[in-house]
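Chain naming follows the written order as A, B and C, and within any one chain the residues start at number 1.
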Amino acid sequence: MVSENFYDVTQYPLGNPYEDIGSVINSIIADIKSRQAVRDQNDGGKPGAVIYIPPGDYRLVTQVVIDLSYLKIAGSGHGFTSSSIRFNTPADELAQWREVWPGGSRIRVDMSPDAADGEAGGAAFYVKRTGNPRISSVEFADFCIDGLHFMDDGSGQDDAENTYRNGKTGIYVGSANDSFRITGMGLIYLEHGVTVHDADALAIDNNFIAECGNCIELKGMGQASRIANNFVGAGYRGHSVYAENYGGILVSSNNVFPRGASSVYFSGVARSSITGNRFHSFYPGMLVLAANCCENLVSSNHFLRDREPWAPMQKYDNGLDDLFGLLHIDGSNNSVIANHISETIDTQYIKPLAAKPVIINVVSGSGNYIANNHIVATTEMSQINDAPNSACFSTQVGALLSTDNLKALEVTAVLVQRGSVRNTVLDSGGAEQVEMDRTVNAFRGTPVPGQ
Amino acid sequence: MVSENFYDVTQYPLGNPYEDIGSVINSIIADIKSRQAVRDQNDGGKPGAVIYIPPGDYRLVTQVVIDLSYLKIAGSGHGFTSSSIRFNTPADELAQWREVWPGGSRIRVDMSPDAADGEAGGAAFYVKRTGNPRISSVEFADFCIDGLHFMDDGSGQDDAENTYRNGKTGIYVGSANDSFRITGMGLIYLEHGVTVHDADALAIDNNFIAECGNCIELKGMGQASRIANNFVGAGYRGHSVYAENYGGILVSSNNVFPRGASSVYFSGVARSSITGNRFHSFYPGMLVLAANCCENLVSSNHFLRDREPWAPMQKYDNGLDDLFGLLHIDGSNNSVIANHISETIDTQYIKPLAAKPVIINVVSGSGNYIANNHIVATTEMSQINDAPNSACFSTQVGALLSTDNLKALEVTAVLVQRGSVRNTVLDSGGAEQVEMDRTVNAFRGTPVPGQ
Amino acid sequence: MVSENFYDVTQYPLGNPYEDIGSVINSIIADIKSRQAVRDQNDGGKPGAVIYIPPGDYRLVTQVVIDLSYLKIAGSGHGFTSSSIRFNTPADELAQWREVWPGGSRIRVDMSPDAADGEAGGAAFYVKRTGNPRISSVEFADFCIDGLHFMDDGSGQDDAENTYRNGKTGIYVGSANDSFRITGMGLIYLEHGVTVHDADALAIDNNFIAECGNCIELKGMGQASRIANNFVGAGYRGHSVYAENYGGILVSSNNVFPRGASSVYFSGVARSSITGNRFHSFYPGMLVLAANCCENLVSSNHFLRDREPWAPMQKYDNGLDDLFGLLHIDGSNNSVIANHISETIDTQYIKPLAAKPVIINVVSGSGNYIANNHIVATTEMSQINDAPNSACFSTQVGALLSTDNLKALEVTAVLVQRGSVRNTVLDSGGAEQVEMDRTVNAFRGTPVPGQ
């Protein structure tokens, strides 16, 4: 026997978790609430509970609705495996596969999205509570949410499983919240992985959120949150990490792989940090600071942009051309310091043709400080791009990338658009690689040999 | 049935964990020790045990005393919610609140501190062992320690719950130790959150330690430890992170919010790193390197100092004026590289009045290297400070912080006091913003437009 | 009763985990496979299972062989304590020790390595599967693997326990894999801690892997993986972190202590990051980028090299002399930005005698960008090196390291060997400290006072 506040979905007397784990969890939540109905007194509180999901394959037909604080839902296995590779594998090969679906503590999201409720209507887990205080300390840990299939979006393309659209969301938090944690999860084949509105001190750490339309989205407004140590990779339509109107976010030590339209997209975000991440993308616009993003720090990140190597996905992109900038900045007083930026692409794939790609594009704003960034631009090494999602998956990668094999690609390292003033660009490119009005912006070029 | 080395506090036959979990845990520890009384032989050791605290609301009357290695105490919920906001909410509003206390696996510290034993006497968990080897691998994970109330400190102020004083400590480690872990915890309303003496290879990761007088304190001497990925925020009297006489510490990727007297205070610390953190403070002295701190690295951090926006706390501060420095450095051969520093404050709040605030203040020492820091100083945006602990919690934050709305604030970007020599200041402010004796220190100003 | 996919090794009816946990786990794996024999259908998968190892002392005689996806093996205690200190403690002192072995959920590796199968043959946990898809989402968490003893290696030295050789490996992954996690583990006294071939999106986080011949080795080829927040420290023969032919790795926020031959050794690695780590070493060659490592980022790290302070280990080193470079770079287009590097050693210990130690040595390659590194070189402070593994474990450390007590050591801050071109060295040392051909490489010296 275990504590009354520890629930195992496979042991709960009501419902069948293999047929509908959503219904079982909702029953458990009702039970917790009924037992905690009396008001807190004498410093005694309403502690919440933990709902344990052992490894297993659970169907979810009914949306889970969470409206109490201190609920933890935990499994024992993030269960990620690539569904994208599998759906693009011929059936005859697939017949030999040892397993074909994600696993671990796996929830198969099989409900019909309620279109009337928008994105929330398609959420497997929907958190929302009115009144005070803000709902607090809800935790999701170490299980898998699998959206199963993408679907034909009517665009006429026949590869429905590659659309990144199915109206499903893994976790949707719809009201102001405090001190939530989403850790160790595996999210896959969802149009939206995690969407959180109005968060304070939210932690999204150590998750594997990939092959989703969008991976992590912070919406509304919020502050003082952390997105760290995740593996993330959205579809070509969406963002790997998105935030709007937040302050004080820390995006650190994430390994963000393709093919998100952006690795990070900030809209109206202020005083936040993007540090120590590894970003890999197939398109321009890897990092976008839009709508007056101010006083943010982008430092110690590794950016790599190369071309989509995988045949099934080569027909898609994010629609941006190479003049948009790998880093695109609309805002003021931001800092872009000590980053490494690699762009490698064959000239035949540059859009518009014969254009000189822009690496850092300051489209508006003033007071930005761009210093000590090392930009390496070369034509593509097609030999090393031979695997899905691959940057350089080859025992020969070192030799292939040695400068003996590389041909330099001419780029605009930094472009500061007309009208932007008081920006500072230091040691991030030679004089001929940086375009800006130097009468109103400050510049020091990276020194060149012999001077 | 489960293993004999797995204990659930709610299932243990002796004592009642809801009345006094301290007594129950001490009984369990005695049981573990009695079962492990024989000396290790034939490579077989004394493995310790895990004590599980399911979600629940447990009173602690008796101090837990830990004197054996390999003990893990783990819950299923950090349970943080703001008690500070609640205690400053009118009673009539509070009557409508859905819950009023922290939760999760929550321990209510309700013992009478033993004043004779100082800080250790007020500790809920007291770790101490004499002899060899150092006590090793004690772990605390995923539960909540709630100090419940602060108390009138005799200062004549009537808001007892805002004093950050109650003589209580969450976890106090009093003797030399090795390879401890404190992870995923929620600590709140304790005068001291975690205090560890003489640590080697200590990990304090992924915790939520806030609304405590002091949050994390490393005392005595120690080395090779890590404080990473925490949410931390001390009271106005104490430090969010404090260390003395340690070497080789790594403070990284923490989100440290107000209102600590310091975000990080190092005394006599050497060869340690403060990298990739986000710091927010309401006072000068955010980062203090005191008492000959040497060869430390401070890089890729985001610092924000603005004014306390929340009425109940506006009467408090840490007593320092704006000449003290946001970063205050006493020591040699430290590196301060690639940080973003924002200060925003209305001139009417500057102390002493009409002073020019100092951002980086090197008060003594030589050989410090201060390079590529971007300092943004502006007058306050009062519109954006409308919520407790808020930096910029508003959907309008981007627009408000755009330079159209900002008025520059004149500051001393770097001050190197007389007597300090061989310091180097590069690209961290213009010539007129950096004060130092350039005949004995090296300087290169951030370039300005048109030059 | 708990779920059928949750196994506790102490409750499983077959075998005795205290006598041979390997045999018990293999039986459990066979049971999981037999229950999952039917092919996945209707979106339903093969979820795997979790095998729980409660705290306890388990002997492993039979190698565990893992060939199914979604298996999680988890304990409740990493159990690290120093065996190295113990084996070098006199027997009469040891008789007083409170415990002498590691603990937690501890597996004592006591099998006879199968020499015919090389490193894999000596692995406690051997993961290997042929066919498609790659084996996915195997997880190891929160337990201890103890290799028990090192052994005489025939070198004639009589301290067998200090050889770092015993033919044992903790975890060996021998085939291509996806989304594995190794977290919270304690590994000790193994010739190889964790060896993983051909990984994609591997996470090695929050482990304690020390006193092993080698700690973390990524072999074959692979990509997009993360090694973060670990405590690591290999023996003098091996590497703390090693990778070959990988792309897109993120090595971040690790605290790597002595005495590895290298803290990080990359061979043919490309487009990877080493950021925000703290490295401490007793020998040159702390960081080696070998065999054409290209486009990697090394930033915001703290490097410390001093002399081995502990008598039993002073006779060993890694065989490299001080001209090798603390950072040794063979490759192109790498970035080394914003690091702090301390070297402190008495001139009598420099090899070859009277040589000028090299800090950053670019032995070949072009296009490397080395900027804003702060190098502090001094003669040794013998007073502060008084404990095993100690950098500066003393309450006087601050004062001892103050410049009043330091004597500068003359070094070559950066050496770019003949034949290397188009490298850029900025603000990382004075003109007299940087040796390179400035007609083909770019240079700007750190400014000096009075200029």
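We take it that a contact is a pair of C-beta atoms (placed from the backbone, for glycine too) under 8 Å apart; a residue touches a chain by one contact, two chains touch by 3 or more.
On a predicted model such as this, the values are computed, not experimentally measured, just so you know.
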Upon optimal superposition of chain B on chain C over Cα atoms, what rotation angle is obtained, reported to the nearest 5 degrees?
120
Count the residue numbers both chain A and chain C use at their shared interface, divide by all numbers used there, and answer same if that is over half, different if under half.
different
Could you grab the centroid distance between chain A and chain C? Build each centroid from C-alpha atoms only and quote it in angstrom.
29
Which residues belonging to chain A are in contact with no fewer than two other chains?
229, 253, 275-276, 299-300, 337-338, 372
If you look only at chain B, which of its residues touch chain A in the complex?
8, 10-11, 54-57, 76-82, 85-86, 89, 93, 96-106, 108, 110, 148, 186, 206, 208, 210, 229, 231, 253, 255, 257, 275-278, 280, 299-302, 304, 337-340, 342, 372, 374, 376, 389-399, 401-403, 406, 427, 446-451
For the complex, give me every residue of chain B touching chain C.
1-6, 40, 43-50, 68-70, 72, 74, 129, 131-133, 136-137, 139, 178-179, 181, 183, 200-201, 203, 205, 220-226, 228-229, 244-250, 252-253, 267-273, 275-276, 291-297, 299-300, 331-333, 335, 337-338, 365-367, 369, 371-372, 421-422, 424, 426, 438-444
